[in-house]
Amino acid sequence: MVVVMKPEASQAEIDHVIKRAASMGAQTQPITGESHTVIALVGDLTQVQRATFDAMAGVQKTVRIQDPYKLASRTTNPEGTVIDVNGIRFGGEQVVVMAGPCSVESREQIIQTAVAVKEAGASVLRGGAFKPRTSPYSFQGLGEEGLKYLAEAREVTGLPVISEVMTVETIDLVAEYVDILQIGARNMQNYALLQAVGKTRRPVMLKRGLSGEINELLMCAEYILSNGNMQVMLCERGIRTYETATRNTFDLNAVPVLKRSSHLPVVADPAHGTGDWELVPPMSLAAVAAGADALILEVHPDPESALSDGDQSLKPERFADLMRSLRRVAAAVGRSIATPKESDDSAGMAGNKNRSTEETSKSAVLA
Amino acid sequence: MVVVMKPEASQAEIDHVIKRAASMGAQTQPITGESHTVIALVGDLTQVQRATFDAMAGVQKTVRIQDPYKLASRTTNPEGTVIDVNGIRFGGEQVVVMAGPCSVESREQIIQTAVAVKEAGASVLRGGAFKPRTSPYSFQGLGEEGLKYLAEAREVTGLPVISEVMTVETIDLVAEYVDILQIGARNMQNYALLQAVGKTRRPVMLKRGLSGEINELLMCAEYILSNGNMQVMLCERGIRTYETATRNTFDLNAVPVLKRSSHLPVVADPAHGTGDWELVPPMSLAAVAAGADALILEVHPDPESALSDGDQSLKPERFADLMRSLRRVAAAVGRSIATPKESDDSAGMAGNKNRSTEETSKSAVLA
Amino acid sequence: MVVVMKPEASQAEIDHVIKRAASMGAQTQPITGESHTVIALVGDLTQVQRATFDAMAGVQKTVRIQDPYKLASRTTNPEGTVIDVNGIRFGGEQVVVMAGPCSVESREQIIQTAVAVKEAGASVLRGGAFKPRTSPYSFQGLGEEGLKYLAEAREVTGLPVISEVMTVETIDLVAEYVDILQIGARNMQNYALLQAVGKTRRPVMLKRGLSGEINELLMCAEYILSNGNMQVMLCERGIRTYETATRNTFDLNAVPVLKRSSHLPVVADPAHGTGDWELVPPMSLAAVAAGADALILEVHPDPESALSDGDQSLKPERFADLMRSLRRVAAAVGRSIATPKESDDSAGMAGNKNRSTEETSKSAVLA
Amino acid sequence: MVVVMKPEASQAEIDHVIKRAASMGAQTQPITGESHTVIALVGDLTQVQRATFDAMAGVQKTVRIQDPYKLASRTTNPEGTVIDVNGIRFGGEQVVVMAGPCSVESREQIIQTAVAVKEAGASVLRGGAFKPRTSPYSFQGLGEEGLKYLAEAREVTGLPVISEVMTVETIDLVAEYVDILQIGARNMQNYALLQAVGKTRRPVMLKRGLSGEINELLMCAEYILSNGNMQVMLCERGIRTYETATRNTFDLNAVPVLKRSSHLPVVADPAHGTGDWELVPPMSLAAVAAGADALILEVHPDPESALSDGDQSLKPERFADLMRSLRRVAAAVGRSIATPKESDDSAGMAGNKNRSTEETSKSAVLA
């Protein structure tokens, strides 16, 4: 950290900063420039708070130098972490496509969609049972009933399942039925929830909040990691900007930035990112070209009947078209699209793998 | 709602939109312009989802006409709601000043600050016991111990107390000690938490999220109101923009916009809004001039020793200076600053009033 | 346009809106909903101003339905416009790569770079002679001297040249030396400059401003088109958002949105978009995958000696690597990378083509 | 400036940075922390470019310490600059109210409005003759005819006049008729225009761009100041954010930030800032409470007939009401509202003062 003194700061004020920094365990090095004195704080800064210095007389501002996250940093695992979910590997050579409806709406709808997305080549099934909705008067999801249908769809297809968990109290329930726990954008900074999923041993996909800085997303991952769960994936899903031509601004730049800063696998969600199904195919191709490890897409057999997000959902045929293009673009950047596991095997594998992956990715981190 | 068809939309596509809208209970009126057909949906739109229409063939876009909130709307209570907390009235002629440290750090600190802010004229005490922190490695608050110190400070000074509640599980605990429940910016869209405080009968101050639209803030208030709790205050505390000269962009425009759109009292938080104690006095004066019903300010006896937010905290003397200026500006706009209740009375009043205010503000809403 | 009346609007106020709209040549259709009356304005709205209605008593808000641009709209030329610059075609099957240094710094530098980028496969040379700089104390470009060096580099390599024009007075000078006039992001809404380049018959690349909405970019293109110059390309180069991990937020979504809304060719500038050379390769690949018609990239033989933007410039070898990857990704999405023309031919072609392209693209628009 | 090296940077890379910095005239001081080496650059940094270092191998990032502006900095004139326009003083104890229509539409309209705003207490007349409009098809102002009407309104009322200048070529023309040259938000970074008004000796009001950072606004002022014109006022007029409840987000925080950073007078424009006439009164009062030196407001005798910005214009009676409230709030913060000069005197004064003020404010800067 660097403390920049005001041009008119007195020597006593400078000395006070130095003394205070020392009392927090930092080494200091004052540098006197033409107009300002700046004081660099180095060494162990875990006890140093920026606000303390910003509150001091004579201080103009403080500037952070080091990244605030540790376990999420690429330096912790320069090779990159691979998370194995029932044989589907996130963060490796293959690009994983997760697909399914925004909400689970009925037994038929989810099974029909699961079969269709598997046939087109998706290797993970998505579907929401608990839905965060802007309006208290909107459909809020089928809850446990939806989870059961998801589990049934998994049995039929062998596809592992990802679904959102919104509260601490329902983590156990959701974890009973799904393979990957999703933390939604609105809950990115719900620290109680992050700590609680950090205590499970289930892979977690953490979505960037609508106004989440990339550094903050990594700090939120740090909440999960520091509670012992090393199986975290990061998901870019659009940020809020002044532009209204798209519902959100899908910030694809976050993909290479996150890959550079962190060892965690990175997922792209162009459906929520743009909010517009016509933009999903080009931005999905772009995401793979930019280096995403996985995509999460919305597919619905009848988008205009969807109870949520029909406007950003693809029909199964369009999705199948997109999968063909994705394979070509993945090949062009030296990767391939992960293929779904056979259902008999994977159903059996699910339970075992789920337990064993914990060690896998932990050891990856420690490697 | 208005559905705008693409210029090339077929008559069949237009008819399909009309039929679908009718099936959801809406009346429709198609209007054919020079290049587009637009279809207005009127009547009861509670079953109408925009995404349904955005997903349809031939539709270019949909445009919302009516505000999505109902109970939070000013039309529900054109006179404005007044919330009475132990005799301190939010939303009336008087402007309420709430002050205290960001975090409760010790028994001495909170009592000393409470006495100082009361002496300067604050009528509500603030102080955090559960703290949402960006880093898992930072001080997270004293928890229940902090709540006990807050209650003790209330006994000593007679000031009612506001403090944040972060999880559904701790609502009862926090409500046992404090008079106003605060929902923090990061939890603005934590719907489970909103529903749970909506089921209490304790006044709630709901903070706008960092990227919360004003309409979304009102929809989040709707989550509380529709669960039966009519005592909700809205708080502007800074939004995230591209400007970095201030930590956040304190969006003071939200004050008159919220007063026009809603009947709920509006609080301004220039400390979090700007993140810079030097800007707190001018922006506090501005907030009162713009029509805020209350201010919430950070005061710390020794900001540079604060365990959080020292950079945006005022020293007690500066706060006392500011109170003098606030009284003059309040008078200039035809209002006055609420004065603290005498401690003997108010201590006794607290319990009674707390219960009785429920009816008071409810009846205000229904008036 | 739709005028939304306040719930409490009187019949006289509604009638006044209708009468006023009629006096401006619009047809009106009032629709009475549950709480509001809304009045749709259709027909010829060229004389209708939204602000007029927003200023009226009883009006809550107005909502625009039709896009405000005409000549820039895809409906004007559904097939898409192809702009031919000395045989290099923008907007067709091929993707054009423009490359070169941010600033022309010396005769040697620009010729050396031109040769290198041509060798790697770029087909247009970029280089700034007039530079808009944030600080009045920074290098402002070589001016006409720089233009002469650019022209010399064109003679040597046969590559057509693009360079920025910053003022009305220098348009003729710049047009004398370069093949494509660039309007920079800071001048997106410099209407005098737009009108003046609109009166030339030279192709123009118009960059989106840092806070330019996509609709505004198209309105700025409209300023050029409506002055008679149909050879306009649109360039996405990053917008300003709250995120600071990248210098700007390169909004790649703008590429498919612009392709859908407009018939004009779309260029992507990931160097300015991200401000970080390490992000240029992945985001260039992504831009081609998303459907960009051209890329504009910064290449410098010695980035750390560059007088501007060294931080976002590629070295020639990295650029050559990137070109190889670009060819693979272009093929994956059914396109190819344009190849540079042979120097003898193209030098001769330049003059002729420049004149003839005017008609070419005009007729495309009228087709 | 501080250069932060990557954790894996080699000693050779560190040495290279140091050597390069030295060659640019900077003194360097490397500091080795736990994970990074950081190199502080102090002394004369005028020849140092950040991009040079960001382009170097082994460099993670650079951090700017010193503000980039010099002449605009408060340290240049700690007492604050007062600009005297025909006896109306900007930046002193008094708050100046400038008012008038957005556009000059006719001789009658501007004279009628001038008389009305003077009667209500405004001391400067505003009115646009050259109008930057989003659409090429909208009313673009009366041009020189409008300037003549403005001059006539000045003769009648004695009010000095402010009007926008959009191009270098029209500066002389505009300066012939008006007392204060306005640079609009879209031209904040039109450097050619800034340099040209910097060469005049006419006071300039520079508006912050829609996405202008406060530091950038000050750098743009630097362009004017460094060309010799010391009479610059800065104007906050709303920035672009994600919030759509107001047309722009009027960033009132900029007022105290600019007053702290710079010696230049600060003007607030709540009409453009919010785009909503109902919000203009509360935000005008707030601006004075926050410390603005002047307000610029839109007043139109018949807002719904206005050719531009009717939606954000006040009627004369509302403006007169607002003036009464402004006087009370100004008094509450220890200031007063400037009163208009008598017309006989001021007409005569205009010419003289205009010349003499140049020295006045220059000497203020040098004081």
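By written order: A, B, C and D. Residues from 1 in each chain.
Here is the rule we use: a residue touches a chain if its C-beta (ideal position, glycine included) is under 8 Å from a C-beta of that chain, and two chains touch if they have at least 3 such contacts.
Worth saying up front: this structure is predicted, and the values here are computed from it rather than measured.
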Chain pair, B-C or A-B, that carries the greater number of C-beta contacts: A-B
Farthest chain relative to chain D (centres taken as mean CA coordinates): A
Chain centre separation in whole Å, for chain C relative to chain A (CA means): 33
Rounded Å distance, chain B centre to chain C centre (Cα mean): 42
CA centroid of chain A to CA centroid of chain B, Å: 29
Per-residue overlap in chain D, given as positions that touch at least 2 other chains: 211, 240-242, 244
Of chain B, residues touching chain C in the complex: 2, 4, 7, 29, 31-36, 38, 40, 42-45, 63, 65-66, 75, 240-242, 244
Complex contact set, residues of chain D against chain C: 20, 46, 49-56, 68, 132-138, 166-169, 186-187, 189-192, 195, 209-211, 216, 219, 222-223, 226-227, 240, 276-277, 303-313
Of chain B, residues touching chain D in the complex: 211, 213-215, 239, 241-246, 249-257, 260, 273-274, 278-279, 282-283, 285-291, 325, 328-329, 331-333
